[in-house]
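Shared between the two complexes below is chain A, which has chain B as its partner in the first and chain C in the second.
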Partner chain A sequence: MELAVSVKNLVVEYDQFRLENVNIEVPAGTIVGFVGENGAGKTTTIIAILNLIHYQKGEIKVFGKEMSEGEQEIKKRIGVDLDDSFFYDNFKVKEICQVLRQMFPDWDQNFMDVHLKKAGIDPQKKFKECSMGMKAKLKILTAVAHQPELLILDEPTSGLDPVSRDDILELFLEFVQDEQHTILFSSHITTDIEKIADYIIFIHEGQIELNIEKDQLLDTYGLLKCSKQDAADLADFPYEYHQSIPYAEKFVIKDRQGFQKEFPDLTVERITIDELLLMMSKGERA
Partner chain B sequence: MEIILSAQTNKPIYEQIYDQIKRQILAGTLKTGEELPSMRILAKDLKISVITTKKAYEELIRDGFVTSIKAKGCYVAQIDAVFRKTQEEQNIRIKLQQIVSQGRSIGMEKKDFKEFIDKVFEE
Partner chain C sequence: MNALLLKEFYLFRNNSKQLFLMLLLFLIIGITTESTVYFSTISIVFCLQIMTSFSYDQYGNWTSYVLSLPLSRKKYVASKYIFSFYCCLTGGLFCLMAYGIYGLIKESGDWREIFLLAGGIFVMGILLSAVLIPILLKFGAEKSRIIFYIVFGVLFGIFFVFAKNPDLAQFVQMIMKKSTWVIGSMTIAGTMILLILISFSISVKIFKEKEF
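And then the complex of A and B:
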C-alpha cells in the first residue's frame, strides 16, 4: 500500500508536553480522521508532519520522502488548513485569492469562483467581515484550490453548524474522487469522522492509542454496561477499557458478536467514537 | 436505485448497501447491464467512506449480482431464473431458522413444527 504520510517513532518534547513514539500511516487515496481530546497531541503531530516544529526523534515521510529531500517540492503537493489562517483581516476575499495565485502556479481560480458562489461568499467581502462558517470554508477552499494531492487539516469543522459541516464534508468527498487524493484531518467533532473517514487514529496523552479501519471499529467493537455482579461473572472475557460509573460498570469489548454469543443475557451496544474517546481518557486500560 | 441507510440498526452500513442493491436486482428494478455508480461517487452521494462502498461492491461481485469491468465500471449481472430461485430459497431458510429458534425458546420440538406446517398448508 502506497503511503501519503508515514510517521515512525516520533518524539517531540517541550516543557509540559511529550509526544511519545508516535507511529502513523496514512495510505494514499484514503481519508484518515485523527481524534483525541484537547491537548492530546493532534496539532503537535500535524505541525511535526509539516516540518514546522523541531522534533527530538523519529522519521517523517510525506509521499515517501523526508522534508530534507526537497521541502518546497513536497509542500507544493500539500494543502494545509491550520487553526490560524494567516489571512489579513482587511483583505477582501478576492485579494486573498490574488495573493495565493501568485504563490501557487497551479492555482485554480475557476474552482474558487464556483465554490465561493456555492458557499455564498462575496469576493468583495473583507476577511474580517466573513462569518465563522465562511472563514472556515474559505480556508479549506484555498487549501484545495492549488490542486494538492494531500490535504492536512487541523480541526477544519470546529465551531461550525451542522449545515456548514455537511458542506465541508461534501467538499472532502469531492476531493477524494481522484483516487490518488488523500486527506488527514483532526477533529473533536467525531460524528464528522464517523461519517467519512476510512481510518481513525486515536491519540491520548501524547500516545497513539488505536489506529483502526472505521468500519471495523463500528461493526465489531461494543460498549457493555452492566452491574458489579455481572462484571464479576465476566471472568476472563477480554476487554479493552473499563470504567466504574455510578451504579454500573462500563466495558469496551473488541468482539461484540462473540461477546453476545457467550453472554446472551447482557446487552452490548455499538460504540461511538465519542464513547471510545471517553473510555480512553476516563477509564483504565485492560 | 434507492438506498436508505439507518444508523439505528445493528447491521453494518456495507451490509445495508449490499442488501438493498441485491434486493433491487432480484426484484428487477435494477436491470441486467445497468451501470451502477462508481464506488467513489456512491460514497460521496451517501456521505460515507469509500472503504464501505468498496466492501459492499466486492461482496455483490463475489456473489454474482454485479460484474465489474476494469477501468469502466460496475454493472448489474445477468441473473438467471435458477439463481434467483436459490437466492429466494436462501432467504426462506434464514427466516425458518429464526422461526425455529423462536419456537425452541418456548420448548417446541420438530414434530410441533411439522404440525404447524401441515396446518398452514391445509388453510
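And then the complex of A and C:
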C-alpha cells in the first residue's frame, strides 16, 4: 500500500504537553479523519508533519520522503488549510489569489474563478467581509487550486453551520474523485468524519488510541449499556473502554456480533464515532 | 520570493491611506509652523514599516501559513530585508520631496543639505532595520516594539554624546573633511552591506530555530 504520509514513533515535548510515540499511516487515495478532543494533539501532529515544529524523536515521511530530502518539492504537492492562520483580514480575495498564484506554478485560476462564483464569493470582497462559510470555502479552494496530491487540513469545518459544512465536504469528495488524491483532515466534528472518511485515527492526550478503517469500526465495534448488576454478573469479558455513569455501566466492545452471540440477553448497539471519542476521553482503557 | 514581496506590497498599499494622510498632515504642520523636523519624523515612520509588516504577520498567523507553503525560511527572511530596503528608500525619497517642496514654497534651503539629510534618513533606516529584523524574528512584533524604543534611545544617546562632546564632534568632522565624497560614501555603503549581511545571517539562524 502506497502511503502519502507516514509518521513513526513521533515524540514532541512541550512544558505542559507531550505527543507520545505517535504512529500514523495515511494511504494514498484515501480520506483520513483525525479525531480527538481539543488539546489532544491533532494540530501538533499536523504541524510536525508540515515541519513547522522541531520534534524530539521519530520519523515523518510525506510521499515516502523526509522533509530534509527536499521540503519545497514535497510542499508543492501539498495543499494546506490550518485552523487559525491565513491571510490578513484586509486582503481582498483577488489579492490572496494573486499572491498564491506567484507561489505555485500550477495554480489554476480558472478553477478558482469557477468555484468562487459557485460559492458566491466576490473576488473584490475583503477577507474580513466574507461570512464564516465563505472564509472556510476560500481557504479550501486556495489549498486545492494548485492541484496538490495531498490535502492536509486542520479543523476545516470548525464553527460552520451544517449547510456550509456539507458544501465543504462535497469539495473534498470532488477532490478525491479520481482516487489519486489524498486528504488528511482533523476535526472534532465527528459527523463530518463519519460522512466522508475512509480511515479514522483517534488521538487522546497525545497518544494514538485507534487507527482503523471507518467501515470496520462501524461494522464491528459496539456500545454496551447495562445496569451495574449486569456488569458485575458478566465478570470477565473483552472490552476496550469502560465508563461508570449514574445507575449504569458503559463498555466499548470490539466484536459486537461475537459479544451478542455470547451474551444474547444484553443489547450491544452500533457505536458512533462521537460515542467512541467520549468513551476514550471520559472512560478508562481496559 | 515574488509572492512574498507582492504580499508586502499589497499590505503597504492597504495601509497607504492612513500613511499618506499622516504624511499630508505632517507636511502641512511642517510648512505652517515652519518646523521641518516633522518631515524627518514621517520619513523615519516610512522606514519602520517593517514593524507593521511583522505585526500583521503575527496578527493573522500568516507566518505559520506561509511556511506550510513551498517556501524556504531563508527566503521569508530575505523578503523582509528587501521590503525593508524599499521602505527606507521610500522614506529617503519622501524626505527629499518634503524638504524640496518646503524649500520651493519658502524659497529657501540648500539642495546639497537636503540630499544629505535624505541620504542620512535612508542610512539610518537601514541601520535600524538591520538591528530590528533579528529582534522582530526572535521576540515577535509586540515585545520588539519595547526593545525598539530602547535601541532608538541608545542610538539617540550616542548621537547626543557626539553632539555634546566637542572633541568627538571635531574628530568626526576632521575625518569627514579628510575623506573625499567617494571614500565617505563607499565607507558608509561598505559598513551598511557588512551590517546587513551580519544581521541577515543572524536572522536566518533565529528563524530556522523558530517553531510555529
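Just so it is clear, the second predicted complex is superposed on the first by the 285 of 286 C-alpha atoms of A that agree within 3 Å, B and C clash if a C-alpha of one lies under 4 Å from a C-alpha of the other, contacts with A are read in each partner's own complex, and residues count from 1 in each chain.
Quick note on the criterion: contacts are C-beta pairs under 8 Å (C-beta built on N, C-alpha and C of every residue); 3 or more make two chains touch, one makes a residue touch a chain.
These numbers were taken from a predicted model, which means no experiment stands behind them.
When the two complexes are overlaid on their common chain A, residue A:Met134 makes contact with neither chain B nor chain C. Once chain A of one complex is fitted onto chain A of the other, the partner contacts of A:Ile121 are absent, as it touches neither chain B nor chain C.
Between chain B and chain C, the partner in contact with more residues of chain A is C.
Of the two partner chains, chain C is the only one that A:Glu71 touches; chain B does not reach it.
By the touch criterion stated above, A:Phe86 is placed in contact with chain C alone, chain B being left untouched. Judged by the touch definition given at the top, the superposed model places A:Leu50 against chain C, while chain B stays out of reach. On chain A, the patch touched by chain B and the patch touched by chain C do not overlap at any residue. On the chain A side of its complex with chain B, the touching residues are 29-31, 166, 169-170, 173-174, 176-177, 179, 195-198, 213-215, 218-219, 270. On the side of chain A, the complex with chain C involves touching residues 47, 50, 52-54, 71-73, 75-76, 78, 80, 82, 84-91, 95, 98-104, 152. The touching residues of chain C, when paired with chain A in their complex, are 2-3, 6-7, 10-11, 14, 56, 59-65, 67-72, 209, 211-212. If you check the complex, the residues on chain B that touch chain A are 10, 12-14, 40-41, 43-44, 47-52, 55.
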